[in-house]
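Just passing along the structure, written as structure tokens.
A, B, C and D label the chains in the order they appear, each numbered from 1.
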Amino acid sequence: MSGLPPSPLLALRGIGKSFLGVRVLDGVDLQVRPGEVHAVVGENGAGKSTLMKVVSGVHQPDEGTVEFAGAPRTFRTPREAQQAGIGTVHQELTLLPERTVAENVWLGREPLRRGLVDRRAMLSHTARLLASIGEGSLPPGTRVGRLGVAQQQVVEIVKALALDARLLVMDEPTAALADHEVDQLYALVRRLQEHGIGVLYVSHRLKEVFDLSSRITVLKDGRAVATLDTADTGADQLVRHMVGRELSSYYPDLARPQELGPVRLTVRCAGNRKLRGIDLRLRAGEVLGVGGLQGSGRSALARALFGAAPFSTGHVSVDGAPVRLRSPRAAMRAGIAYVSEDRKGEGIVAEQSVLDNALLAARAVRAVHPGRGGRGARTARVRELLAAVDLRAAGEDQEIRYLSGGNQQKAVLARWLALAPRILLFDEPTRGIDVGAKSAIHDLVRRLARDGAAVLMVSSELPELLGMSDRVIVMRDGRIAGELAAGATEEDVIALAVGTVGEAAG
Amino acid sequence: MTALAVSTLLVLAGCATDEPTTGASGSPSAGSGSGTGKQSKFFVRSDYEEQLALLDAAPTGPPGKPWEQALDPAMVETAKFRKPGPYKICFSNAGLNNPWRQVGFKTMQAEVDTHRGRISEFVHVDAEGKDQKQIADINDLLGKGCHALIVSPNTTATLTPAVKAACEKGLPVIVFDRGVDTNCPVTFINPIGGYGFGHVAAEFVTRKTKRGGKVLALRILPGVDVLETRWSAAKVAFDKAGVDVVGVEFTDGDPARTKKIVNDYIQRYGTIDGVWMDAGAVAGAAVEAFEDAGKPVPPINGEDQLDFLKLWKDKKLTAIAPTYPTYQWRTPIIAALRILDGERVPNPWKLPQPTITQDNLDEYVDPEMPPLHYAMCGCTDLPGYPKRWK
Amino acid sequence: MSAAPSLPARRTPPGVFVALVLTLAIGWLVVTLDGGRLFSLPTTVSLLHVAAGLGLVAVGQTLVIVGGSLDLSVAYVVSLSTLVAAETMAGDDGALLPAICLALAASATIGLVNGLLVTTARINPFIATVGVGLLLKGYLDNGYDGPAGKTAPSLVQGLGYQRVGPVPLSFLLLLAVAAAAWFVLTRTRFGHHLIAVGGDPEVARLSGVRGTRVLVTAHVLCALCAGLAGVYLASRLGAGAPRVGTEGLYDLESIAAVVLGGTALAGGRGGVVGTVGGVLLLASIDAVFNQLEVDVFFSR
Amino acid sequence: MRIARPRRLLTFRSGGLAPIVVILAVLLVLLTARQPDFLSPPSLMSFLGRSAPVVLLAAGQYFVIVSGELDLSVGSLVTAQVVVAARLIDGDPSAGWPVGVLLLAFGITVGLVNGLVTTRLRVPSFITTLGMFLILVGAVYLWSDGAPKGGLSEGFRRLGRSAFEDVPVLGRIPYALVVLLAAAALALALTRSDFGRTLVAVGGNPRTAELSGVRVWRAKTMAFVLSGLAATLAAVLIGGYSGVSFQAGAGLEFGAITAAVLGGVALGGGRGSVVGAMLGALTLETLFTLMNFYGVSGALRPTVQGAIILFAVAAASFRFPSR
């Protein structure tokens, strides 16, 4: 880190940023030299995305300074950062499929000639830029919608370069790419490097990080814990920097062997667009943790089991009987419940009351099983459940949007418990929930398992995953990369997730 | 524009300002004068006086055939249009969008049928009540080799350029029902007109309503010249007689709206002593409103539509039905043939405009005909009666 | 919101023009069998007149729809514009220019209101423009009892009835306006930004496009086009007509023309060329039906 | 579950009933000031009776709006039903019941088509129902050659026109009011049923609803069917009240939407109550009557409606399905 030969292109000093009192970035220092690919790695929630947004002008830091090209700068909007020469390649593509490559590249700053858009110049500039990064074969007049994802990624990069960018921020650029496309991207990044452009490269995939970068900064809990020269660093060493936190919180006891019941759910050779070759067995009384990086297929697995994004191949059986989980209703009929990771978007109906939210599923399937208890009895049952999950609200008629995240989650849980499900799928059950409510939900999950339910729990929080699960499977690239028994360490999970361990189980 | 808007507002607001302030009892003080508002901008005094004079004029022409009669005719030469038959006659129709026009058009078709030998083709284009379409229609018809063009304009002002353009083509143009702002057509056929209608009805209502009684005026739409003239004549009559017109309301020809309005007025004034209407379409609804409110139906005027005539007869109403006779749809065909023969025709061709009163009511009530039929169709002698009109 | 990249989407859809040719061919056949003539001079002139009125509105509508919005108040703007123009002219050729300017200014103001409601007040464009339309309807119903004003005779003779061969002056005006709109969409920054805002407002924002300003401008231009259509109709009718816009169903037909022309209702795709095709298609269908609806009694 | 505060009956939160009740009360005070006997039983009964169709339509529209859609076809459906009924009955008293059944079937069919095209073909509802509007207007025009034919029998008209006479205190109670009260009770029961509650969830968050096992398409289609049924009932009442006319349903769709919005039903779905929508319709009718009593031109109605829609929608933080 010392004695940098060329002066840094970008220098972040003591960057701090809080959202609603939560410290997301804390005194981050980071420097990018011209022509350097500087990788930023870290667990989910380590602050990578926020850091990138600070650099690209989307967020403004609460403290610390940003120096670019030797001068301190404040970027109030993305546009200001762009004008300064910082281009951003976003995780999701920000292209208009109906417009041509050239039109996309120059959007917002179309070249003018006598007050009119100079289309010829637009095309020729684009062609030149494409040629300069060795993508000359891509015709600038093509509609972006006709291009493959990798080519679109190229357009996205050219769009950033068209600003005469000297620093390129790339946030998970390979998230949407196939393997051979990733190679193309490598080549492209290397050529950028040759042009003296600095690249800030965020990725989950350690392989890419090692392949491309010259230095790596590891973020953990909002701090830059290390900046390492890639050449001198091994994968094990990197993973150790990424994890390694004391397990302080309390988790309920795991299942004792005699508490494990028969196999509830069996999945064989199942797959869909996002998943391949899924084989798993889930026993009654068991909490099966699902780990993996973002986009590895861990959420896709839960959604496939619930029929929200169903398996297109393979076999699933519940309690020995084959089932086809084509829709949420079908899954519900099979006794499966699902708590989504996106509570606001998929979990609650914000403007309805707590009671309405808790009754939603019971009401929805009543049509299927008419006459299963009167309405009064059902409402009474849900009221009991709301009490059982210890939901705190001003009243059952209060709109759920005024409740805390934890109480909202309890209402969602009560909704499912009203159906007495045999299999529960949790995706990030404690995301965005305060500590107290979190352990209450952990207790609830365990209690459900103890009462005979089979639980599958997706979590990106390693302590939670390891603390709650009787068994952990780790997803990578849509497959189950491996399985870990209780007592595994965070390093074990990360190693499987990023793929430093050989394709043990994949 | 604004001035016009404001003035119209004033017209309408006039009903409010002149209206007696409601006391605690809610019953207004009586007979403070007429609430008829400003005179319509369509009102032309000379036309008004002319029409009122025509009401008493004796028609010339074959007796018993009012559609061939003319009032106070001034004949014009048509020799230059003389052509050997048979003829192709074209008709640009403003629309068929109300029962009056439907009855009229059937009558016209029947009239054409009586001239089978002389008319080889009768071309009809329906403008569906759209000015734009009628302009295009007239333009289209000019290319179809018509020997004569009959136009029933959708609106006066907006059709004038198109009719002028047609005249310039040199073929005889006959306008009926609504007029145009040009003298180029060979003749303009219509009955005496709105002033006559409005006047007759207003006189009747004035005469039958007790002194100081409250009269409600119901109008269909603003801006339709035929209807505007009816109201403006009634206004003159009411003003002259000092009738207390408590409201002038537009019904849109919507019976539901009519009933609501009448209902509101009955509530507001306790009783309404006379109803004047500019058209008969919603007269039935107005009568129902009184019945539903449990009030006696006051003196009222309607039109020659059978539902009203039947109601009148069955409920023994005090009523009158001035008409805007549908037999005028026969006249353009007759006129066209005369013009093509080079015979002189009256211009303007003013048709008599009979009124149905208690005395001759029974002649016109035919229980076999549908409720929306117009009794004054002059069609009983035409081929296909009565089936064609059912 | 937008189509998946893999979906095959045409750039300038020739579909509407194929449909146009087919309609004319089939229409010609049917009308001929029916004993009429579809391509007589008067019929052609009428067709082009219908296309001119609808086209002017539809070209404006294209701009807002491409921008991801919509304008359902155009019919009332058209009516209002005929009235403003005809009443200001009052039959006087001298007042021609001020009258047209006033009509266009009134229209532009309504467009501005629409634009601000949609962008700044964040009201759904459908609701916002219907709301504004209802406001205007009340004003027109209340303030006007039929045709008013008198169009300057020179305008009636010129824009209203003058033609070059079978082509009315008004259709040439439409072509000029359409060409201008095409030029704006393809050759100006505003046009590029408008399409981007329609395609994805967030992408446009990240690329530094000022979406509000662009969309408001589009609404103003749309209302201006409707205002121009009003001036044309005033020239055709010789007077201002408070119900001509709604009678002509200019709101719905203009949207239909735009959609037929291959412009996506969600925005971000399409153009003026297709719209003109859509307008001609609708006008042709209209002409064919008009010819067929001509009742001919005892033709031999 | 722990309850910290007692629940309030009328809260001023958005979507609550308090605002519309206050507006209605103010209008009634103004109206009574002008016309003291407006609140006397006979006048009030007749006002309620003749307002019944619009109130019914507002209730129908509530179901559609709360599910996140719009139904613009109701006005044309009312006209179509009245015109069809008149032509089929043509004064024949015995045809009343069969035609009534036919009308119901027709209303349900229109609702089904609206719903299925919107949900299954994923056409935005305002396009679907606008198309339905045009189709119905065009079809009725073609079928009747531009002017209504035939007539309704007295028996058929009784529901919309007659009343229970000589009721103590109230005087006469229009049948229409009884129909309205029955329909309102039914609507209220529906909104409290499983269907009604899930429908609100569908409008509030279709993803959540889908993932909780709700068949979103079915719920929305049912809402359209209910709107079609309400339109049918309204058509019977309007036809009965005033007989056949081409104007029978003109503008009622905007009236119903305005009423619902005025009553606190959020365009975009998920919020509002059917009682609010019905009170909204009553408020709108009161407002129009008030305008009439104060001598304001009826031509200004659209302006009032437009202003209400714009204000109400701008005031509520407005969401709408963007598709």
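Just so it is clear, a contact is a pair of C-beta atoms (placed from the backbone, for glycine too) under 8 Å apart; a residue touches a chain by one contact, two chains touch by 3 or more.
In UniProt terms, the chains line up like this: B = ABC-type sugar transport system; C = Ribose/xylose/arabinose/galactoside ABC-type transport system; D = Autoinducer 2 import system permease protein LsrD.
Treat the numbers as computed from the prediction; the structure is a model and nothing was measured.
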Going by average Cα coordinates, which chain is farthest removed from chain A? B
Two chains sharing the most contacts, counting C-beta pairs only: B-C
Euclidean distance of C-alpha centroids - chain C vs chain D, Å: 33
When the C-alpha atoms of chain B and chain D are each averaged to a single point, how far apart are the two points in Å? 36
Whole-angstrom distance, CA centroid of chain A to CA centroid of chain B, is 75
Mind pulling the residue numbers of chain C that touch at least two other chains? 139, 142
At least two partner chains per residue is the criterion; list those residues in chain A. none
Considering chain D alone, which of its residues make contact with at least two other chains? 297, 299
In contact, pair by pair, are chains A-C, A-D, B-C, B-D, C-D
Where on chain B does chain D make contact in their complex? 9, 12-13, 15-17, 19, 22, 24-26, 95-99, 101-102, 128, 249-250, 252-261, 263-264, 267-268, 284-285, 288, 292-294, 307, 370-372
Which bits of chain D are touching chain A when the two form their complex? 1-7, 13, 15, 194, 197-198, 200-201, 204-205, 207-215, 270-271
Contacts from chain A onto chain C in the complex sit at residues 78-79, 82, 90, 94-99, 103, 106-110, 112, 115-117, 119, 143-147, 149, 152, 159
Enumerate the contact residues on chain B facing chain C in the complex. 1, 4-5, 8-9, 12, 109, 112, 116, 119-126, 129-133, 135-137, 139-144, 155-158, 160-161, 165, 221-225, 228
In their shared complex, chain B is touched by residues of chain C numbered 37, 40-43, 45-46, 49-50, 53, 83-84, 87-88, 139, 142-150, 156, 160-161, 233, 236-239, 241-242, 244, 247-248, 290-291, 293-300
